[in-house]
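By letter and in written order, the chains are A, B and C; residue numbering begins at 1 in each of them.
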Amino acid sequence: MNPAFFIAPLAISAVSAVLAALISLTDKIVNNYGEVTININGGKKKLQVNGGAPLLFSLAETGIYVPSACGGRGSCGACTVKVKTDIGPHLPTETPYLTKEQIADDVRLSCQIKVKQDLDIEIPESLFNIRKFTGVVERIADLTHDIKEVYIKLEDGQEANFVAGQYGQFEVPPYAKIRERTQRAYSMSSAPSDKGHLEFLVRLVPGGIVTTYVHEHMKEGEKVNVVAPVGEFHVQDNDSTMICVAGGSGMAPFKSIFNDMIETGKIEERDVWYFFGARTTKDLFYMDWLKELDAKYDRFHFIAALSEPQSDEPWDGETGLITDVLGKYLESVIDQEKTKEGYLCGSPGMLDACMAVMRKHDMKEENIYFDKFA
Amino acid sequence: MAPDIGYFSLFLASILTSNILLANFLGMCSFISISKDINSSNGLGMAVTLVLTITAGVNWAILQLLQSLGIVYLRFIVFIIVIAAVVQMLEMIIDRISPRLYMSLGIFLPLITVNCAILGVSLFMEIRNYSFLQSIVYGFGSGLGWWLAIMALAAIRKKTEKAPIPAGLQGAGITMITIGFMAMAFIGFSGMLQVQ
Amino acid sequence: MKMSPEYTKAQERMQPGVITSDGFLGDDTRPIVDIIAADEQTMTKLGLDFETMCSLMHRLVAEGRKGLGEPVTVQNSWVARVDEARGFLASPFDDGIFRKINVELELAPNGKPTGEKILYSELSLHLIEKHHFFQGKGSPFRLDPAQAKKVLRL
């Protein structure tokens, strides 16, 4: 047989092989960043990581969980970190999520930037406490037709230390057409003293990935992961009047906060007004408990408002949008003289509407607290 | 035998009289689409110049190998493989050495793999029997010529943005006409030098 | 019909896990130009036009947001529930980013829920309005034109 038949394929294979070898060699040399040091908050913590991965994941590997509502997909804009080392201009994948001030201040999206050199970064110190918990679903209960209470028992040896009002990243496994683990943020509704458990209230969002899983697939006894505690939302330590407003599953942080206040006795020392908005009586829950608190503690006041009470249901409480009811009470019921603080939990639209009402009634914006996630 | 052309005249010729874009009309797709934006044009021009210079040299060496084995007919495939590999490696190296340059080149670097000007230069080098040094000079010159042409077109397009162009001619239409005029203008250089 | 490079790229970005975990195509294996063409035909057959339909849907989002997260009765004909989540989603056609606002709209003439519902988001509405893309069959945010006609009472 003519040797020419072999020369051509052999030559091409040889050339390709040499080039492939060269590429992987270059990759080994060039993309090997070796051990890189991440210096956090001016030396408070120093981490040794292997370079090359996105900052968010490098930090997560060493146990520092920067909050991210989308799990590193670059779609929520939550995982901001201040990077003091010069690592080049902001990427086109970052700029849509950052304000001009943040960009000028070297704030970056940690899921988008890769660790390629020693870095100096700044993050809130509270992030040092965040860790990944593993637990088992001990109980799932229906609170309303679309809200479930999920009570998780942490596996042995784990202890959750959080401040009432903080939230956790709840992780669900791949299911149906969804091929990857998905994380979403929910406020803890359990009291901080219950260190062996974490509880969440999850409202079904049509089309929502995690909420659909919790409502249709999650079973008691199942293992779950929670990254917690996250967030700055907590009760300020002073004696001004607390004006709390929530709707739907926004009840969660307040359940935690009120239970904590009962345990510490604070509930007898401060004026608390809790406004809870729902559409119909079908959407109300924990009513007996809250009415009991209202009756038992002089300074605790609970006001539920229905926006569209149905004619066939008995309802003797307030009616109207929660913002209107809030306005009415701020106007004529709540003591005008005392300083007031606002505590809000709900959708961005609900937060904006409540802020507007509170500002109108001379409450200062810096005294209104909330976590802007839903 | 390598043709008897001085390096300097070959260099000038490849930029002006035998401009790879305007005389041979190679690399048109990215030329037309990227010239919308002057900054991107600059980045792409830089990347093309770099890749052209390197691939001209590497492909010259590969060609010697193919000739000695008597399988020159495989050059198209092999050249493309080499170009793709070189671009890949360059991408990694630039990313490491200068993230800023890497950022400004962005997507253009990998796009160059399919730029016909690159393959064109390698093939001309073979047809014209250039020596190793001539190949590199020719590659570098052609790159600069491509860079020059796209910057010129980008500048003209910036001007024509505000010009009263009939609706039917806007966009690609007026760009093609502009390129035609530019090509004619470059023919003016052809009396100065001639390379084959 | 032939897929232009823009459509090919958009279809890639519609796969599960690229922009949303669900993706935009469901179990549909057709090229998106065919999905679009088929739905455009259905729209004509049903006597619907995109402009009227989308402007009504936009109005209903605005009305639904007034419920502050709770469902709200709109014009005595619908119950609209608007959910807002933090963050944005990019359009697979690379023409903008959209707030994560979902609307579940149920037909309820005179306050009586009928169980006839449609679900859409700011992004899915944009895809319908600008690209006539209703999403693939089996996608959670697929809007069936016939169902839309029924629920929106067009």
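Heads up, the rule we're going with is that a contact is a pair of C-beta atoms (placed from the backbone, for glycine too) under 8 Å apart; a residue touches a chain by one contact, two chains touch by 3 or more.
These numbers were taken from a predicted model, which means no experiment stands behind them.
Asks: Touching both chain A and chain B: give me those chains, sorted by label.
Replies: Expected: no chain.
Asks: If you tally contacts for every chain pair, which pair is highest?
Replies: More C-beta pairs are in contact between A-C than between any other chains.
Asks: Measuring between mean CA coordinates, which chain is farthest from chain A?
Replies: Farthest by centroid: B.
Asks: Taking each chain's centre as the mean position of its Cα atoms, how many Å separate chain A from chain B?
Replies: Roughly 51 Å separates the two chain centres.
Asks: From the mean C-alpha coordinate of chain A to that of chain C, what's the distance rounded to whole Å?
Replies: 27
Asks: From the C-alpha centre of chain B to that of chain C, how far is it in Å?
Replies: The separation of the two C-alpha centroids amounts to 46 Å.
Asks: Among the residues of chain A, pick out those that touch two or more other chains and give their numbers.
Replies: Within chain A, no residue contacts more than one other chain.
Asks: Considering only the defined contacts, which chain B positions touch chain A in the complex?
Replies: 62, 65-66, 69-71, 74, 77-78, 81-82, 85, 88-89, 92-93, 95-96, 99-100, 103
Asks: List the residues on chain A that touch chain C in their complex, please.
Replies: Going by the criterion above, the answer is residues 69-70, 75-78, 96-97, 177-180, 182, 185, 205-209, 247-248, 250, 277-279, 283, 307-308, 310, 321-323, 346-350, 353, 372-374.
Asks: For chain C, which residues are in contact with chain A within the complex?
Replies: Spelled out, the residues of chain C in touch with chain A are 16-17, 19, 21-23, 26, 65-73, 81-90, 97, 102, 104, 111, 119, 121, 138, 140-141.
Asks: Help me check something: in the complex, which residues belonging to chain A touch chain B?
Replies: 4, 7-8, 11-12, 15-16, 19-20, 22-23, 26-27, 30-31, 87-89, 91, 116
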